[in-house]
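Structures for review follow.
Across the two complexes that follow, chain A remains constant while its partner is chain B and subsequently chain C.
Coming up: the complex of A and B.
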């Protein structure tokens, strides 16, 4: 099949600049929305996936596998585990066993503020820095016990909806009716920890009036320990009421928990894209209908309807590709890394190659789907009918 | 064997409950190299016959043989290929592609043939020169007068060197002077290149350029063949 010259498709875009602008704008809008939705989904999934260390095991209270905040463990659990369980990684004799308390509290800048944002506060010991290797203190120091001091994650300001200077080292935050001084800032890129507040374990236990732990996180030595050993230990020590989960499994559960949210977001983007398709159909129909005679003439010259259809699709794809590229450029500039708050903390939108490809694909698909019905309708007419149009 | 042979050619359309028959059992033979004018009132079947000869419409019944090829049995794709080789069509309203230059419009049918770029250029330039537009290669249709646009359309019809040229009211949208220029050109091309030319017209003056004028009425031939210059004067309908 001999095709029409490519220049024909390109130059047709200049026939009606307003119509072309609407078409490119529509494609751009749809691609931008799809890119935003895909960046959200990717960012959320990556934050949950990155948060897990491969050799880490989480010990939770029996029956609370889905939520660390609801979990309760006896305070002695960490010491018992460290002393009894073989295969735990050690450094200079110090076991990688981190007893932790996780609570979600309302955090404000001043004592007088009535309502703040719920934020995960994690009470930890120095062992936490062993089992969470992704975390790095980038400014200041670790909190000293008994001083109401906190260490804040890099995305905390985003999570609280505050300017970064409000959570800088030296500033004070308020939760549970008490002031807490920021003495350090940490970075744990791409993880849920990045939007948390960390403080000394006993300080948090005191203010929350609890003598239990939320969880114990331990790191296995891959050469000596296995998850099955920890699970066997948890099963045998009925007095501790423990459940052992691989950290990856725990975050996979969270990932599954948030799947409906992601589906809803993609569905919304899809519905908006559908609106874009309908708008595109109108634009394409108007654009092609005004050229019925010309398309009939091309058939008189000997061009097959398939060749004309290819040219119409080329024309549409050029416009839609331009729109989608603009959307991807804007999306990368405006959305990549943008913080989004959710109940676990905050995560950054991720505009990576796959996300860009998804948005480009959506833009191009819109071009093809929006072109076919009006093109088929026009080209199905007999030639004399087209020439009389 | 004649160049064009129509046997009991009939075209019927159905519009709702109505059946329209613009062409009824037409028998016609046209010899190669003839310049034939088709005249008749609106709805007499002139354009329908022209469309059938061009292979852009199909008869409801009958036979149509052109240069020995029965075209009523060809598939849609085969018919398109046949058109690209055998027929040149000139429209009343030129139907040039507005986003292409005069040169590109004329070159357009050649892209369907396996020709080198150089050969396409040679043929396109030669044909534009033939219609007197050698200096208008880069002009877009909107930059040309009606007469010039029709010359480009004629060049487009001629560029593939088809044996049959069909023209549907080629001067219908032109002023008298431009119309005379176009008819002089068509007559000269017919004379010099020996093409078979079938032209539909309402205008008796235009018909005088043809060798032969046939009259159609209600889908039938109503007058015997007459030599061009002696064609009876007729009011356009």
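Coming up: the complex of A and C.
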């Protein structure tokens, strides 16, 4: 089959600039939307996946496997685990065992503000910095016990909907009716911790009036211990009422919990893309109808219908690829890293290779799907009929 | 612009856009047990006949037994949401006198073997941990869940030695034989 020159398709785009602009704009819009949805899904999934360290095990209260905030453990659990369980990683004799309290409290800038945004506040000891290696203090210092001091994550301002200077070192935040001085800022890129507030374990226990822990997080030495050993310990120390989960398993459960949200977002993007396809069909119908005589002439010149179809698809694909590339460029510039709040904290949209490929694919698919029906309709007409159009 | 130049440009754009897709998978937990390496549980540990003289009450037995005592008692598998340990020959049993959620009319509990209707304090008095151990006293590295029909609420008779018993309510028995009812 003799194909039409590729330049024919390229030059055709310049014959009707308005139509081409509409086509590129439509493709751009749909690709941008798909890119946004894919960036949201990827960002959320990555934040939950990155939050887990591969050798970490979470000990939760029996029956609270789905939620750290609801879990309650005896305060002595951490000490018992550190003393009794073999296979825990140690550094200079210090076990990687972190007792933690997690609560979601309303945080405000001033005491007079009636309501703030619910934010995860984590009460920790120095062991927390051993078991959460992704976390790095980038400014200030660790809170001192008994001083109502806090460390804040890099994305806390986004989570609270405040300008970054309101949560800067030296500023005061209010929760549970008390002022808390920001003494440091930490970074835990891509994790849910990045939008949390950390304070001394005992300080948080005092204000929340609890003598229990939410969880104990420990890091195993892979050469000496495995998850089954921790689960065996939990099954033998029934008085502690523990359940041991791999940290990755816990976050995988949260990931599954948020799956309906992601499906809804992709579905919405899909429906809008469908609208884009239908709009594109209308544009293509109108554009091809005005070119019936030209396509008839090409057939008279000896080009087969298949060759003309290929040329039409090439023409459409160039326009749609241009639109999709514009969308990807804009998406990368505007959306990548943009903070999104959710109940666990905040995460950044991620525009990576897979997301760009998805958006480009959507744009190109739109080009093919939007071209085929009107092209088939037009090319199915007899040549004399086309020439008379 | 020549035909080949346009083609090269389009191909380069697509290749650039599609490159850099992440190939790595999320880190899997290093602690996943290696099923292929798990030793089988010796069949001799599963008794064909019900042992004679089994104590009917685990609660009473816990009150009178100390570490090293030989015990034979009747119980039911359960006391936790997951009474088995994946990758270790350990399971939890509860006193037969304890009423499971399945025996409560109108209770739609999906995991009746966890006895979640009981208070934690009452439950602790009624449960024990059973282990199949090797010569060194370490639990065998194999799961007993669904092995020889062992499952939640299954009635069993355990024969073995008490390896741990404390005032907190922990009671661990290293079994040398378990009989499972049909």
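Everything that follows uses one rule, which is that the second predicted complex is superposed on the first by the 389 of 389 C-alpha atoms of A that agree within 3 Å, B and C clash if a C-alpha of one lies under 4 Å from a C-alpha of the other, contacts with A are read in each partner's own complex, and residues count from 1 in each chain.
As a working rule, a contact is a pair of C-beta atoms (placed from the backbone, for glycine too) under 8 Å apart; a residue touches a chain by one contact, two chains touch by 3 or more.
Model, not experiment: these values are computed from the prediction.
Once the two complexes are laid over each other on the shared chain, residue contacts for A:235 go to chain C alone; chain B is not touched. Judged by the touch definition given at the top, the superposed model places A:227 against chain C, while chain B stays out of reach. When both complexes are overlaid on chain A, the residue A:18 reaches neither chain B nor chain C. When the two structures are aligned on the shared chain, A:357 is found in touch with chain C, with no touch to chain B. Shared-chain residue A:249: touches chain C; no touch with chain B. More chain A residues lie in contact with C than with the other chain of the pair chain B and chain C.
Looking at the shared chain after the overlay, A:62 reaches chain C, while chain B stays out of its contact range.
In the superposition on chain A, A:5 contacts both chain B and chain C. When the shared chain is aligned, no partner comes close enough to touch A:333: not chain B, not chain C. Legend: residue contacts after superposition of the two complexes on their common chain; A:384 is shown touching chain B, with no touch to chain C.
Residues 5, 7 of chain A are contacted both by chain B in one complex and by chain C in the other. Across the complex, chain A meets chain C through its residues 5-7, 10, 49, 52, 54-55, 57, 62-63, 65, 220, 222, 225-232, 235-239, 241, 243, 246-249, 318, 321, 325, 328, 352-354, 356-357, 360. Across the complex, chain A is touched by residues 47, 51, 54, 56-57, 77, 80-81, 83-85, 89, 91, 93, 95, 97-100, 104, 108-109, 111-112, 156 of chain B. Put simply, chain C touches chain A in their complex at residues 1, 3, 6-7, 10, 13-14, 17-22, 26-33, 79-81, 83, 85-88, 90-92, 114, 116, 120, 124, 127, 129, 131, 139, 141, 164, 166, 168-170, 172. Partner chain B is touched in their complex by these residues of chain A: 2, 4-5, 7-8, 11-12, 14-15, 293-294, 297-304, 382-384, 387.
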